[in-house]
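Listed after this line are the structures, all set down as structure tokens.
In the two complexes that follow, chain A is the common piece, with chain B as its partner first and chain C second.
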Partner chain A sequence: MAHPSLADERTSFIRFAQTHQFVTLFGILLPLAVFAVFVGYPIVFTIYLSFFDWNGMAPEKTFVGLQNYRYLLFSDKYFYTALLNNVKWVGVTLSFPVLLGLIIAYGLRSRIIPMPALIRTVIFFPVTMSLISVGLMFLLILNPLFGAFDTILQSIGLGSLVMEWFGDYRIALYTLAVVSGWAFTGMPMILYFAGLGDVPQETFDAAKIEGAGHFRMLTQVAVPQLRPVTAVVVMLTLFESLRAFDLVAVMTKGAPFGSTNVLGYLVYLESFWNSRFGYGATLSVAILVISILMATFVMKKLMKGAFDV
Partner chain B sequence: MSDVALMMRQRSLVAGKLIGLMLLAALVFVWLGPIILVVITSMKSNDAFLAGPFALPTEPTIAPYLTVWNALGFGPLLANSFLYASAGSALAVILALVPSFALSRFDVPGKKLIFGIILTGLMLPQQTVLIPLYDTLRALNLLDTRIGLIIVHAAYGMPAQILILRGFMTTIPREIEKAAFLEGATDFQVFWKVILPLSVPGIMVGFTLNFIAIWKEFVFGLVLLNSEANFPVTVGMLKLNSDRYMAVFNLPAAGLVISQIPIVILFLLSYRKLSSGNFAGAVKG
Partner chain C sequence: MQSNLIFSRRYFLAAALAAGSLAATLGGVAPAFAAPIEIRYFYRAPWPSSETYANWLINEWNKVNGDRIHVTGASVDGETYKTKQTIELASSNPPDVFYSWEGGRAAEVIKNGFAADLTPYYAKYGWDKFLVPAGVSLATFGDRKYFVPTEIGASVVWYRKDLYEKLGLKVPTTWEQLMANAKVAKDNGYWPFMLANQKKWPAQFMWSAILVNKYGLDTYQGLVDNKIPWTDQRAVAVTKIMQDLAKAGMFEPSFNSIDVGPAMVPWSQSKALHWYQGSFNLGRFRGDKEKCCVVPMDFFPLPPIDGNKPVMSVFAEDTIMIHAKSPNKDAAAEFVNWMISKPAMTEKLAIDKPYPSSTEADLSRLSEMEQRLAKAMADAGSFTFMHVDHAVSPAISDKFLDSVQAVLAGAMTPEEAMQQTENEAARVRGKI
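After this line comes the complex of A and B, so read on.
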């Protein structure tokens, strides 16, 4: 397709607008206006604010140039901890819930696991739970005094594995990420389940005749066929992980020693607790840059064709 | 087939069944276990909990529910969440209807741009816009108001609704509207009389998903509201994580169950539709 010039676009838009007034007004201009007010303007304002010092209340904002960015890159040790934590969170989410979701979906489709309707319901249900509820629930389950998890570990002779799931700065973040994975698994599972339903049965039958076992069937037949689904799942996972906030807020509040801070939570702390709105905006810009890099990567490498319109 | 081979085949079939059942048990245990434990815990008195934290309640009681209901004010919290979820989703769906119609039926100039914008709205981490939204709502005197939060939820629900509804509307056959257009119907008439009535199932799915999303939502409620009277359930529940409530687990457990009941009902009513992956199709475009 030849690329139409901007002028051509404008002429064709005007022509369209004249013949389809209702559609233009409520179908294009209204959503664009909503977007401009609630997404476009906020992004621009965030970037603008990141060059200022502002306590959020005072009418005056002090222009400080790149000072916030210098502080972010060279002085703020919490920033790098939080950034690394987001990366770890992505790692956990891509391995545990996504991989497990794929395997469960395959297990259900290939009838290794009976009662697919029950399993799908049970595993998908936590997707509908608020992460605040999920967090509170696992505070109870993982409690050192009355928690079921430690008790189970002890009763099967794995008592030595019992840890301070939230108190130990080395593992608290992984605890959070795994809990979020528990709540998220249903999502990749049903997407993969639906995707596997679209793979022609003959493909699997042919592989079976060639003597493929379940492992080969999964890795060499299912996974390549599921590429578009994987693209969607990876995108969802990346952005879910970048948004991580609720579990941190309800379970650890960043403790111990800031070891469970994630970028999203840091923005909240700096802006609304420390009243450093300018610096909070700078952190937001950092998240924005990471999102754009991720989105570009996803679009270029994974989503080819998935959003053709 | 020899007897031995037949026996081995049967044995491996039995083994397969057994493995399947074990996997089934493990999955149900991991995903349903915590929820069942919470429900059990919520029906115990303090003494019963301390005597056996995991035992089935011998004398089930609703006392923890009454206590936590009054202590946290679950009545207003649930009412607020219900208002935010229903009004926010309704507004998001209404905003999304004509755009979905436009994108599924017309060769709108700038389609690519519109889709890019939708995706941006979908992917944008809320934390990056908290400060400007806070500032804008304050300027409009909508900070810490129910209507302010509803508007924000609607605006951020709209992109997903456009994807879902556009996906649904593309599946509506075009014969009827072609006839209507030939009869001289306007775009609005086709939208209102043909597409809208046929889109009801898609609207229901979109509304339900948005309702659940807003019910779960926490960040906007936390930042854009200050008065407890306006809090949704997710924000009000934060109180449960305090020494006062965490000493014995029956109260937080009861609070958890209360917060989830409306979604359980909605889920049971609609999970077939939701878990069929229909909206996955919408996401895939």
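After this line comes the complex of A and C, so read on.
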């Protein structure tokens, strides 16, 4: 069967628009216009700005060509630290909250965990909290002088595990990522919980008759059935990790000595703190490129066939 | 019926004519109720008391002058003011009066044409006659004055008087004596110095004071004025001194994890002997008490090192500018004049924290120690020095603070730290 040509498609769209004027205007053209103004224009302007040196105050901008990109690629150590930190952040959030969310969801569905409604609500609750509040709360909990967490560790004889959660540059980023994971666990849990509801009970019953325990039922029955949910969860986690900003801004501000900088925070730091809006735009373009690459990977590898289950 | 109607029309026309004439006559003689000049005041409120004081300032002004010059305030908390300031100043409707920093940030605002020249208003209102000389000096760029300091501060070594007595120590007059006292404290289980460097700015206080007292004010000014590179051996040596202090356990444990606010807890619990910090902490030291302080404490300037003449840092903590594009600069200056008047400055002490920039403010409600520090600041001369994050542009100071924090954590050598700072400085101002 021959594919319709571009001219055919155009004619068919015009015919559709003529017969469905209301839908065309409010369902297609208006959203497109809003998207163009609030998303398209800022992206285009950011790319344009990345070729300039501008402090955000002066009326004129100085065109510098690719200088900002050269500095980013060949001289800016902070960029690579932030990029690596984002990768670490993704690693932590993919392993900790996603895995934990899956296990809890399975536990709730299979009634291993008592009071499932209460537990589900409690674990989902942090998702509804502002990350700023979460950050301030954990600043107190993990405070080295009077924080509850260190006190609990010491009182149960695990004082040797007490660390400088935010002050030690070797672990500060992981502390932030774990706090972020704590706040995010409810999201994969609720998605997996809903996904498990769609898996036919007979499948689990059959596995049980075959002698499968909970571990095998989770890994060999539930996980394959949950591939579409996992694809969505992984995609959400990846983009949430790339957008990480709030916790860094409220808890460490990149300290100690820039070791907790992530790309989103670096854009803020360079643009608004150091008054380098041109270079901040360059960093934003870098985030855009990384997002496109990640989205392509997710679409081609993870999402491909995921919804054919 | 017909005649009644005619009468009514005539009566109505006559009445309308009379009313119109009366209105026209009265309009000619009655005073014109012109709308007051609207002034927008954009300020930084780092403490809850800052907000209370600003509201008092605006309300009192509007009570007396609101029908002539009406002021509206808008505040941003301390942390985010710098980021919002850029957007506000460059907007099409900028504030008439706004908070600015001294030093490097002020220079940026001036360079970009946002700050009005206040020299004529200094002359008109005689501000330089009653403002603390160091504050006036900091407001001067070239031969012009661009801001009015409303709050000044000083950095000194705060010490616990009770612990000094307990350990039989004397107030040091040399660096060596200070280090000897610190060692006694350490040997007796106290932290010799609080640092509370989580937000990375506190360590620079000690760094810049050591540099000034060891190598002189000219060396420090050379660094921040871009005449001496940060890789200079003197800057490296001071960073090394800080590193040695950290290695020798002269600061509290976990100093890179503790912020200044929470550090008040161990300070109040008598765990530390000294704290080199700014006087803006007096609000914290005072706590709930009417007069400073919640614990027995006093201060001394950082003592001389190697016999050099010591210099106490006096800086402008709060400064006010008038926007160059304000159509109502005279009215704005009148409001600024109210801000630094004796009643306003005296009230600042009651509501906010020390120190008002006016020498005329009534300091009698302060403790004896605070009054002594106020006198020391007023006597400090026309210029001392600002700490690094006030003295240079944010981009350079941010890298400097990062670098010093890294040295203290043992993750960088002093040479690497100063090289990193110099690299950033070179990016901002070019190579020296």
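Here, the second predicted complex is superposed on the first by the 299 of 309 C-alpha atoms of A that agree within 3 Å, B and C clash if a C-alpha of one lies under 4 Å from a C-alpha of the other, contacts with A are read in each partner's own complex, and residues count from 1 in each chain.
In this section, a contact is a pair of C-beta atoms (placed from the backbone, for glycine too) under 8 Å apart; a residue touches a chain by one contact, two chains touch by 3 or more.
Here the structure is a predicted model, which is why all the values come from computation and not from measurement.
In the superposition on chain A, A:Trp165 contacts chain C only, with no contact to chain B.
In the superposition on chain A, contact of A:Gly258 is made with chain C only, not with chain B. Between chain B and chain C, it is B that contacts the larger number of residues in chain A. Residue contacts after overlaying the shared chain place A:Pro144 against chain C, while chain B stays out of touching range. Looking at the shared chain after the overlay, A:Asn55 reaches chain C, while chain B stays out of its contact range. Of the two partner chains, chain B is the only one that A:Arg120 touches; chain C does not reach it.
In the superposed pair of complexes, A:Leu269 makes contact with chain C only, with no contact to chain B.
Of the two partner chains, neither chain B nor chain C is touched by A:Tyr80. Of the two partner chains placed by superposition, A:Phe63 touches none, neither chain B nor chain C.
Taken together, the two structures place residues 56, 143, 146, 268, 272 of chain A in contact with chain B in one case and with chain C in the other. By the touch rule above, chain A contacts chain C in their complex via residues 55-58, 71, 143-146, 164-169, 253-258, 268-269, 272-276.
The touching residues of chain A, counted against chain B in their complex, run 9, 12-13, 16, 20, 22-23, 26-28, 30-32, 34-35, 37-39, 41-43, 45-46, 49, 56, 104, 107, 111-115, 118-126, 128-133, 135-141, 143, 146, 148, 151, 182, 185, 190-191, 193-195, 197, 228-229, 232, 235, 239, 242-243, 245-246, 249-251, 263-264, 267-268, 271-272, 277, 280-281, 284-285, 287-288, 291, 295, 306-309. On the side of chain C, the complex with chain A involves touching residues 82-83, 86-87, 89-90, 108-109, 112, 114, 198-200, 253-258, 262-263, 265-266, 393-395, 398, 402-403, 405-406, 409, 411-412, 427.
Within the complex formed with chain A, the chain B residues making contact are 16-17, 19-21, 23-24, 27-28, 30-35, 37-38, 41, 49, 53-54, 95-96, 98-99, 101-103, 106, 108-112, 114-115, 117, 119-121, 123-136, 152, 155-156, 158, 162, 186-188, 191, 212, 215-219, 222-223, 233-234, 237-238, 240-241, 246, 249, 252-253, 255-256, 259-260, 263, 266-267, 271, 274-277, 280-281, 283-285.
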